[in-house]
Amino acid sequence: SELLGGGNGGGGGGTNGTQTGDAGGGEATTVTWGFDATVAQDHADEISTALHEEGGLADDVEVQFEQGQPDTGERRANYNRLLNAGEATPDMFMMDNGWVNIFIQRGQIQNLSELLSDEQLTTIDEEYFSGFTETAIDPESGDLFGVPLYPDYPTMLYRKDLVEAAGYSPEENNWATEPITWEEWSNVAADTYDNADVEYGFTTQWDIYEGTACCTFNEVMSSWGGAYFGGRDNLFGPVGERPITVNSEPVIQSLNMMRKFVHDEDFENLQGYGGGFTTSNILGWIEDGSLAPFTNGNAIFHRNWPYAINAAASEFGDDLGTMPIPYAVPENEAQFQGTGGTTSALGGWHITANPNSQNLDAVAQVIDASMQEEFQLFLLETEGWLPPRSELFNSETAANVDPMGNYMNTLQVAGENTMARPVTAVWSDESSAIAEQANAAVNQDLSSADAMAQLESTLENIEG
Amino acid sequence: MATPDRRDDRVEPDETEGGPLERWTQRAMQNPERVYRALFYVVMIFFMVTTLFPFYWLLVLALTPQSRLLQGSFLPQIDLFGAAAEFPLPVAKGFNPAAFVSVFEQVPFHLFMLNSFALAVTTTVIVLVIASLAGYAFGRLDFPGRGALMLGILAISYFPPAAFVIPLFEAFTGNVPITIPFTEIPLFTPPRLLNTPGSMVIPFSALFLPLSIFILTTFYAQIPDGLEDAARVEGTTRIGALFRVIIPLSAPGVATAAILTFIAVYNEYFFSTIMATSFAAGNWSPLVGGILSYQTQYTTQFNLMAAASIVGVLPVVLLVVVAQERIVSGLTAGALKE
Amino acid sequence: MARLKLEHVTKRYEDVTAVDDMNLDIDDGEFVCLVGPSGCGKSTTMEMVAGLTTPSGGTVTIGDRDVTNLPPKDRGVAMVFQNIALFPHMDVYDNISFGLRLRDYPREEIDRRVEHAADIVQLEGMLDRMPDEMSGGQRQRVAIARAIVREPDVFLMDEPLANLDAKLRVHMRTELQRLHKELDTTIIYVTHDQAEAMTMADRIAVLDAGKLQQIDPPLVCYNEPANLFVAGFIGSPSMNFVDGTVTESGLESEYFDLEFDHAAFQGVGVGDAVTIGVRPEDVYPASEAASLASGSRPIEVITDVLEPMGDEIFTYLLMGEGETSMAQEAATNDQLLMSIDPNTDITEDQEMDVVLDRRNVHLFDAASGQALTHGIVSPPDADGAAGSPAETDD
Amino acid sequence: MTPEPATESGRESRRTGPLVTLTRRVENLSDTQYAYLLLSPVFVLLGIVALYPLLRTFELSLFETSINQASQTFVGFDNYVELFTGEKDRWLPGTSTFLPTSLTFDAMISSALVVTLLFAVVAVSFETVIGLGQALVLDQDFPGRRWVRAAIIIPWAVPIVIQGMIFFLMFHPEIGFLVQPLADLGLLAERNTLNDPASALFIITVADIWKTSAFMALLILAGLQSIDRNLYDVAKVAGATRWQQFKLITFPLILPTIGIAVLFRTVQAMRIYGLIDAVAGCEVVPSLSCMVVTTFLTRQGTSAAIAFVTAAIIGVAVTAIIYQQYKEGI
Amino acid sequence: MARLKLEHVTKRYEDVTAVDDMNLDIDDGEFVCLVGPSGCGKSTTMEMVAGLTTPSGGTVTIGDRDVTNLPPKDRGVAMVFQNIALFPHMDVYDNISFGLRLRDYPREEIDRRVEHAADIVQLEGMLDRMPDEMSGGQRQRVAIARAIVREPDVFLMDEPLANLDAKLRVHMRTELQRLHKELDTTIIYVTHDQAEAMTMADRIAVLDAGKLQQIDPPLVCYNEPANLFVAGFIGSPSMNFVDGTVTESGLESEYFDLEFDHAAFQGVGVGDAVTIGVRPEDVYPASEAASLASGSRPIEVITDVLEPMGDEIFTYLLMGEGETSMAQEAATNDQLLMSIDPNTDITEDQEMDVVLDRRNVHLFDAASGQALTHGIVSPPDADGAAGSPAETDD
């Protein structure tokens, strides 16, 4: 309902009418869509067909995919340039939820509350993961600027066989859907590590890069009830007016916990924790670096995005287990609002539209097609892209997708406990400082408290 | 080493006493040229090893299957008389030459190569022509403002490429007119060049021009006046003398400027990736764009990138081998008596 | 095919004036040799004619055109460079045909001309050699061939035969002369070989320190040098010079007197300090040419060094008590050089008297160096041919 | 003209037409006019492609982007001033600064200015010496020279991304086989190597030397090959040893080429970015260009100002080099 | 300071043999001039002595050392290069002092020597000029100075005076001779100037097509050339050659007979085809030297071209009905060149008789070109000095 409050709902309907008229003209319209590089390269035709067949896109609208840069930062820069220069193509984009907000702020993308039909807006409002949709909404006006295409959030992957060999029973304890605490988990990890002939007990990503700031550190910190800016409500600003809370107990504790995992360093509050089962290599790892040992059978636990489930399942089949990311502090005990409990950092992509496009009507049609459940399931099947709406997780189709179908339950739990990165205009400046300090702390360059104190002052500087 | 040497001694007992090393030293002292030669080969091999080792590493990466790439040591354990030891050289983990095929299957890599090749050739030609004229002016003519102009041209290269890109990008979209800086007064609307070779060749030419100008200036300045004089008396214009005598005689310099420009453009990434708005070969995305296509959001196919870069480097190697034929010494030998 | 005029042409480098107010008027088809000591400005003059150096002042005219600012290619000149300047990246054929190819001559014509030129310079079999595979003389011949294949209005040749052996040089000389006749081209020719200058030139232009000293037919330069410099420069070995004074009775010098009737010559007065000049071949042993004896004091000398040259012997003579010294480049005041027949019976350290052929004794103003008279025999008629004062320095 | 076509001038005069007239006119220009004519393509090209964008960028550098990046405000030279007062440091990657905040090692190595200068001096020095050595080797005649030449030159043919990848993987925490041996020598940090500023800078410098020595070698080789071989004959007969030939003939004659190589390499080195990005990241090894690129997207005014400051710093460095060479008599 | 020996030295280039089995034995302190036509291998020989070119075969010995494989710097030679080759990046001072600086001479010593050398080559004021600011002759002088500042065992000079004017050349000659005396160095000197070779050399080595033809003192080469080639090459203008046959009564040729007693000479038999050689200066107008007349048929000629040279006149004479032709490089069979005194009264196209000085008429084997006799006057005693057959070709 908030979306509809945008005020131009009627216009949306009108647009729909015009659109039909256009289609009646018999002229085929080609819509260019700035899309994922790999997928556009490998499956452009399939997806285009699916849009028509599964999404019911009219035949006179053709979709042409234009591959964006694989690196999300470069893609952002590219779209920024194109929009800045008033380019009319691509007509629509696939944008990282991590930076849609900035395009909104700059007024560079099409207000979809004006373009889409009420019906569509309602669907999004009611059926989509709201935490995810939020990253495509202008916090000030509440207007919608992006339609979620697929969310992306991590789970904890693990080797069921090894854990079971160490005497644990994941099935019985419902690890797949019931989050466990870091303490419990770390003991499982440490035990299994001692027991199994593997190099690593746990692999994750902790390099100095965006992924640490947005995700791995964010998750651990949130699961301890910590937050960068005082809680969920302040994620998207307002910059300068929100508290900076990195130098707080939960955040420091979460870093100490990572230190314990890596160096088996002693901390008072972490006495009961297992430690020393992971490697300082995580300090230089991003996704693929940390995934490789896991798929090669050299690690027990592994934190990664859903794509990793595909990769690992093909190696281990049923021996692969997933669980929501463990937590340290339950939601109700969390120091900062909206944190605590299992937390998965939120990634994923939205569909946005180019306001300069000559084919906005056709764009709306394509968006409509992409919102069809059949199409979303098709994406889950072919690309492993999770549907943006919760209910599809329970669908039969979803369950039949191999191998993802086996893990939909974990994914659904994780999807309901996501934490977006605090994207604002200054996020990129902040994230590099965050990653740097988080890395330094876990590298024992300085104490976690000192690292966070430094980070605090840096962030204060940035927020002004 | 030691054993066969002693046998040598037995075979030729009349040779001077002492081991081969001593004999070598003996001869070396008589003929320092030998020492020099030996030293030379040592240095040469050192350079070869240090420059080629990373390529070997690249090959190891290319041949290792993607799945095993980021896990496990590249230094195999070898059995050394019972004791396990680490082999000091990285060796491919597995043998997967198919990477060199996948490179072309996953993306039309040859098209990216062609793009870069075409861009590089065009730019090189333009740069050489313009820089030759400028090099002639700077190297062989005396005129007021020479030093200042050279410094000015050099100053272009002080700027990070980012300083040029936004205004150029805007201009090349052809959407908005070019305005006089610091004002809103429009001058003209340039043609749309995005995703065409023009949007790349033009900035490349400008950005790689200073180096070539400086190289050619130096080399043209070294050609004795006498030869230009001779050509002019024979009936060439000054430009004729430039192309018929000075450039051929500066071949090492020209070839070097050409190689440097070619390679720089062939591997250029910053501008081309901006002027080609997507990583599509059809948009004139360059070689590096192709190589980067083996990255996806979360994974990097290092083996394919390695294979692709080996493939991509080959034309350059050929070019260098061919072009260096021009880098021959003694071009002016026998020309002058002075 | 073109008259060549240099008017007040000057070339200054930073600290040197290489050519100083040069005036030259060379007729269409004339063959002028430029001679002068090393560094006197010969090459610079040539370069200004060719258009390779811009004069600091003055004008150059070829034919009717003021070419002072015309580029070389439009001047219709061909040049043999002193430094040869072959194109090192071209073989002999390409070097020679360069100018023709520039002018798009038909292939056969080029072949014909190149072959002909190679023939003249005797390089027939070497057309595909590269310059660095040739000897110095061969390179020089290529340079000559490169100039002569063209048929320009003006030929400029800067010591074109310097690196050739005597025989080849004689051959080349003849060929160049024939070419000159055939094409009727104007030729400026720099040479250090006096024989070359004497035999080839219509006129010789003598330069010193950038200044034109005399331009006249060879024998006039030889027999009637305009000044001391020309007298000393032309002729090898050099003219003997002895300081003297004009007296009532004749000429007096430190070691000898000469019969001289100053009254018969304009511009010479009693008491004038003069330089007496006489060429080695005009010095004779008194025993062999008693008829030439003149003057009250005979010239008593002791032979010093003898230099047998094959067809003549250079005999260095010491006058007075001068110390016996080594042969020197020019006879100084107490030394005389005599050139005699190789069959003459003469030894070193021999005392003898010598006489001068007064018909060929020159007088120069000691201060200015200007010639006063050539021959000091009083003419039968007051103003005879032999004794006319020098008025040739136009 | 008289109808005697045999002579050259006859031939010349037959050539007429606008082109001939034009060349004739061009040939008659004075040196100065001629020089400017020859330089006009450069002026046009650089004017359009370099000067115009630079002016625009300069214009941009007088504006600053608002915190929500929605608008630009004119701030005059504030961007420049703030860069030096340290106020801009917050927009720089991670905790890096422009000027060092103190004289400690840590502060120095997080200063983009210091890192850039350090890198440039060390890398260019090594590259010059190694490049010269390589060029001297390549200048010799030996069997297989063309292949050795190609081998020594190809590092230059490797794209920076790949260069970065090669070295990144050599020092990768899991598979990097060089970390341990070099750490044993005390050259590198043993763990988290690529995130250790000193280690990363070392690796980047080595990587750069590996690649761009070839650039030096190629240029210097060309200089070597242009030397008149006769001069060596003269020197040899005069009694020069190899070293003396090098010192008195080779070196002075290639000095102009070395000068150019050093000049351009310094400029390139001081603009280093891609390699850093590929191997370690700008947070770890900040450079001037890093700062331009990282602020490029979000704060164009700052970015533009840094670009100009970078150019100015390079200009100062280059002027110093040119002055040095001038003193040495080039 | 060193004896120099070349033994069987050969240098082959791809398609040319530049030097062919050369044997030279040059004494310590000797001054040898290397002469020969362009491209005959003079420079190549020098380069092999200097160590710049490796011989294809044979050995080079300097002093007692076999230096064939020694690098140039260890050979103790200084060289003036034919192509001058100044260091373009050094001023005159640095060019001249190059060799001294290499040897770390003390500063003052270098200064002293450079100044002295500059003095000798008359470049005193030019020490700070760069090579490209100098004239051709000046550059050559720098090259000479660069060689003479050093005091090597062996001097190699390849046409060192080619670009100098006559006066300077005479000066330089004297200086070089003095230097030679002072330092007592072995000198090999290439020149195309016969006067230079004649006056300076202890011995002249004549090369042709890479082969040594004769090595002998200058006058021996001039008066007793070992073969036709040497006879024709030494002496300028060249010797006249006429084909002839030995008859019972003397020598017979197409246009004249000469008195000759073949019996008095070894190696000459009746019916032998010979080439008669006589130098221009040994040809006289019959009217002036009737005493020389000999033979039954006088030599009837018509004067063709006259070339006045200042101190002599070259007169081209046509024998028989030969067509009047232009002056040619060498007298052909029906042409004779006569050198006469400039005072002789002679005109073109004048019929006259000439005589040869039989003391200086040479006979060569027509087939092999080897000299048979020098002088065809039967000696008073059977084996006199003038008429000894050539045995000089060692």
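For reference, chains read A, B, C, D and E in written order, and residue numbers begin at 1 within each chain.
Here, a residue touches a chain if its C-beta (ideal position, glycine included) is under 8 Å from a C-beta of that chain, and two chains touch if they have at least 3 such contacts.
Which chain is which protein? Per UniProt: B = Carbohydrate ABC transporter membrane protein 2, CUT1 family; C, E = ABC-type D-xylose/L-arabinose transporter; D = Carbohydrate ABC transporter membrane protein 1, CUT1 family.
Model, not experiment: these values are computed from the prediction.
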Report task. Could you name all chains that are in contact with subunit B and with subunit D at the same time? Result -> A, C, E
Report summary line: Of B-E and D-E, the pair with more C-beta contacts is D-E
Query raised in the report: How many angstrom lie between the CA centroids of subunit C and subunit E, rounded to a whole number?
Result: 23
Requested in this report: Averaged over CA atoms, how far is the centre of subunit B from the centre of subunit C? Could you give it in whole Å?
Outcome: 58
Report task. Can you check how far apart subunit A and subunit B are, centre to centre, with Cα atoms defining each centre and the answer in Å? Result -> 41
Query - Junction residues of subunit D, two or more chains touched - result: 27, 172, 174, 228, 230, 296
Report summary line: Multi-chain contacts in subunit A, i.e. residues touching at least two other chains, fall at 289, 292-293
Query raised in the report: If you look at subunit B, which of its residues touch at least two other chains?
Result: 69-72, 166, 224, 237-238, 292, 330-333, 336-338
Report summary line: Chains touch one another in the pairs A-B, A-D, B-C, B-D, B-E, C-D, C-E, D-E
Report summary line: Note: in the complex, subunit D contacts subunit E through residues 228, 230-231, 233-241, 244, 248-249, 252-253
Query - subunit B - residues contacting subunit A, complex - result: 67-72, 106-107, 166, 169-170, 173, 175-176, 194, 273-274, 277-280, 292-293, 295-300
Query - Residues of subunit B touching subunit D in the complex - result: 36, 40, 43-44, 47-48, 50-52, 54-55, 57-58, 61, 69-75, 90, 129-131, 133-134, 136-138, 141-144, 146, 149, 151, 153-168, 171, 178, 181-182, 202-203, 205-207, 209-211, 213-215, 218-219, 221-222, 237-239, 250, 252-253, 255-256, 259-260, 263, 266-267, 269-270, 287-288, 291-292, 302, 305-306, 309, 312-313, 316-317, 320-321, 324-325, 327-333
Requested in this report: Name, in rising order, each residue of subunit D that touches subunit A in their complex.
Outcome: 67-70, 89-91, 93-95, 172-174, 191-195, 281-284, 294, 296-298
**Report entry** Residue ranges of subunit D touching subunit B (in the complex, touch as defined)
**Finding:** 23, 26-27, 31-32, 34-36, 38-39, 41-42, 45-46, 48-50, 52-60, 133-134, 137, 139-140, 142, 146-162, 165-167, 169-170, 172, 174-175, 177, 210, 213-215, 218-219, 221-230, 242, 256-257, 260, 263-264, 267-268, 271, 273-274, 288-289, 292-293, 296, 300, 303-304, 307-308, 310-312, 314-315, 318, 322
